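Each in structure tokens, the structures are laid out below.
Heads up, the next two complexes both have subunit A, just with different partners, subunit B and then subunit C.
Up next is the complex of A and B:
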């Protein structure tokens, strides 16, 4: 039953989910780009932000935006503190394992602790948060868009514009990109790698928190929610080029739309396979990723 | 070298026999304590703990207190095999559970090989009873009705409402989801209803917008669900905010705080489900049970809590009848089960080790849940 309305509905649904994937995947790409580490606890940070929002909303009279702003501020502070601890834990002075291997074990352990810790505190009862965002949908031309989807999409667009401006127009952002492109050259021009790394970790955690918080009005969730999202984020980062932040954002958006189309017109079973088929194809044909034009060697 | 090994194994056997000398009867319980169905285990555990407390307060079984050994199968068939082996190696004489159909089907042969009975009280895939009892696996017993019986009653009720001809099926891609979808499709075909789409999604999938868009476009008047309860709550929330008009049906668990909130919001309006249990079933025993669960856990009773509670009583009574906690005697005693269920029927096992408890038809009108009928699944 092919119709213009249905097609547009799928495109809009895909854009919103793609933007949300983007929030989660860019944080992961940033960490890999700057620190060359993989964060297995990324999905659990998304989940943690969702549960934190669930706790905050009733305290702030149901206000979604106030809770959102509060948690962004908290995530920035916590992110800065965590970044110091993480860098210390990964530092070469401790043990003889490389930072990459250490990051695998450390973040995997962290993921298990966070997942089970949250389930211990909140139990696995499906969590539904009632906010001041109205339940229901409005018509956007031929397309029905729920208020929750519209707000998630709008927040993601604002965040991406801000991220783009930050990375391309500010000195801190340029420093991030410089370290990602060529660490040695960045050192030579006097950038402090530790400071840059801490900014990258903080930014990654804040992006993750935003990614989680926009999902809260959309979903009824459980502590396991981050796991499915993390697998997709990994696929997106690999397709876009490990460490390429803007590449990850573009791939995420494209994946959202393609998934929606495939799910809409083919079988739903294929919908979840797309990300991984894409990942395998990229690894076979272009292992450095689609957007890795100016990648540094080593 | 040999001596060290011998000493070590002696030490281990002394240590492990220590566990038995406490004079308790240990019962295994395998359930999805973590993972996408963790809420089900949380609920089942409530029922088990309440029953355990009551049984032990009344003097235990054969003069010994019962003890439950919990294992986490994560609703994953391969993990279920691992933890089942662990329970069997620990020497439990009977195991409750698995909860997920895939986990039951994956472990049935282990129970047969070990000659230890499994009592399954939640998993609904029709194959479980087809494979059990006469001509199959005599060690597996099922207390709850299967999705075949529930789907037939469900379709009959939908037909009686009139006006519903096109139905879609949405199910998780597991033995539960696929078994339920097949059972519903067969029952619908029997009554001449048209199945317009069947969508299988991964267990624990977070996003259902694409499926909802499809359902809004394919003319389905009702959607039959065979999903984990948490997934269904998530689906209902998304469908409600996207304005899906089709009636929700199939297997809907509507108990507990999250579902109460969703029902109040109108997410389940006009829903119809045929389900093995409801806390709203109006028998004095059930009312009393719901009160005790509410008092102890501050949430209403659910299917899993009910199933956990009754399954432990069924097993405790079998051990009592057997006169010993020996797996073979327990199995033989289970065959002669005659247990008065809280929802009104005396439960016996048929020659496929399948019990035929009552089931419940529930509808939701204007944000209010209503039990339409309690009927036998014979």
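Up next is the complex of A and C:
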């Protein structure tokens, strides 16, 4: 049972899943780092992208790539609009709710509207989408890597490289990091915090959409899928250090591999508990997160 | 206010024997206690906890397991549920509060989601998605004579007693020094620290207290519906209690009781499919946060501000 091939197979599957977790968790880390808000509808946005893809694919003659591109474009536009509305809602002065608390309650309401809206339209019946991705697998030595997994992994890697280049090599990306590091100083050198915030929200929504769409060919899914992903994304963000994008990506990758191992050798109950156990352990030992440089207060 | 409500509720079974209306009354009372548990930790102590539904579910599973596996009575089950939940609450709180109040929100949500997964997948213990059906009706035995709360009317009075005692205890606590300490911590943590209040200890106490009442109401609820399954952890319940507390007004007592009764009764009267009902709760939550984050209590206060001094007694009783 415990053969080398089996182990390698688990690692490869784990890397692909970890990359997908990374797409979803980095969006969340970005929001927390820059705006100090959480998005409880994060998982539902992933789920919405999955269902949109499921609807779009048959319309576009089964073409996965065409639907993918179309939805990324749509997510960018919707993200930009939503970001404006969200910022307006958060800055409205009524009562004494802090932005964090307000963002939390608003997105919680939104997540329930989205979840039940999708459930009402599509029902909770598990959904399977047939795309034009051929059924088959590469053979990497003894390890099988299905085309769907390969495409998911490749897209995730490309997105990560693009994200890295954006955050470190372009001015708008540097502006995002500047605001995350020190909001006041960023204001002083003339950055427009509203534009930076809108960019961050849009980016986070697009990352979600991509994460959802690469999941579609891999799994049969239900509207509830977003909830389980949200749990993992939150755990990843806390383990990596709240607001730390690179930390989130690394932890996501590790979580994918560990989960895959645990799923291969132990009960499935443990597979889903790993993220939570890891989060509790990190909070006990190093509450600021594995990759945080300094303790973030409040 | 309290006496009036109590009188109305005692009268209900004399006016109608219809199990339908009694069921609405029973769930309204249970949910009001459940929402009040969230109000303790969120409204008074300022810690938004999404673990309330987790404790409500854990409490109901523990009670159900004590009765079905260990042959205990429902009362022993409820006691065990309260103990387990309080311990769990302190554990989670102690860990999450090491980082920040923000981390507590996230950890509390993750706790609930994890418990739901455990209930679904730890089949040896929880029977998985099938749940544990056929929970017996609660009964009381004094030596030879015993009494079983089998009919809806009996259960209605049992729930009424439970709600009265629970809300009474909560009222005593939140209007006491402890409640004032909670509010002070919510208002200004640094100041409380500097005045020698042990902030983390009091926060943990609020969390434990809230989880006990969530667990008790959950346990009573599943013995009414006679089955417990993983749906007990549904985000639906989180949403209902959040809507109740926010519409009522964070950190207010009577407005939350009123909104608890209203919000559980209204959707029953306006019969709608489940998904649409949940969507409407979501819309209510979003609108409430945007338009009236201080809830009914805020509106009442505003009216009172315009007519100063005329209603001093009511002001006492509404806090």
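Here are a few things to note about the model shown:
The rule is short, and it goes like this: the second predicted complex is superposed on the first by the 287 of 298 C-alpha atoms of A that agree within 3 Å, B and C clash if a C-alpha of one lies under 4 Å from a C-alpha of the other, contacts with A are read in each partner's own complex, and residues count from 1 in each chain.
The definition used in the following text is that a residue touches a chain if its C-beta (ideal position, glycine included) is under 8 Å from a C-beta of that chain, and two chains touch if they have at least 3 such contacts.
Here the structure is a predicted model, which is why all the values come from computation and not from measurement.
After superposition onto subunit A, partners subunit B and subunit C are found to clash with each other. Once the two complexes are laid over each other on the shared chain, residue contacts for A:116 go to subunit B and to subunit C alike. Applying the stated contact rule after C-alpha superposition, one finds that A:228 touches each of subunit B and subunit C. Contacts of A:171 after superposition on the shared chain: neither subunit B nor subunit C is touched.
In the superposed model, A:130 makes contact with subunit B only, not with subunit C.
Applying the stated contact rule after C-alpha superposition, one finds that A:288 touches subunit C and leaves subunit B untouched.
In the superposition on chain A, A:268 contacts both subunit B and subunit C.
Applying the stated contact rule after C-alpha superposition, one finds that A:108 touches subunit C and leaves subunit B untouched. Comparing which residues of subunit A touch subunit B with which touch subunit C, the overlap comprises 115-116, 119, 227-228, 268-269, 272. Within the complex formed with subunit A, the subunit C residues making contact are 48, 95-96, 98-103, 105-107, 109-111, 113-114, 117-118, 121-122, 235-236, 238-239, 242, 246, 273-276, 278-279, 281-286, 289-294, 298. For subunit A in complex with subunit C, the residues that touch the partner chain are 38, 40, 89, 92, 94-97, 100-102, 104-106, 108-113, 115-117, 119-120, 227-228, 230-231, 234-235, 237-238, 242, 268-269, 272-273, 275-276, 279-280, 283-284, 287-288, 296-298.
Of all residues in subunit A, only 1, 3, 5-6, 9-10, 13, 16-17, 115-116, 119, 123-128, 130, 135-137, 144, 146-149, 215, 218-225, 227-229, 259-260, 263-264, 267-269, 271-272 touch subunit B in the complex they form.
On the subunit B side of its complex with subunit A, the touching residues are 34-36, 38-39, 41-42, 173, 199-202, 204-207, 209-211, 213-214, 216-219, 229-230, 233-234, 236-238, 240-243, 256-258, 261-262, 265, 299.
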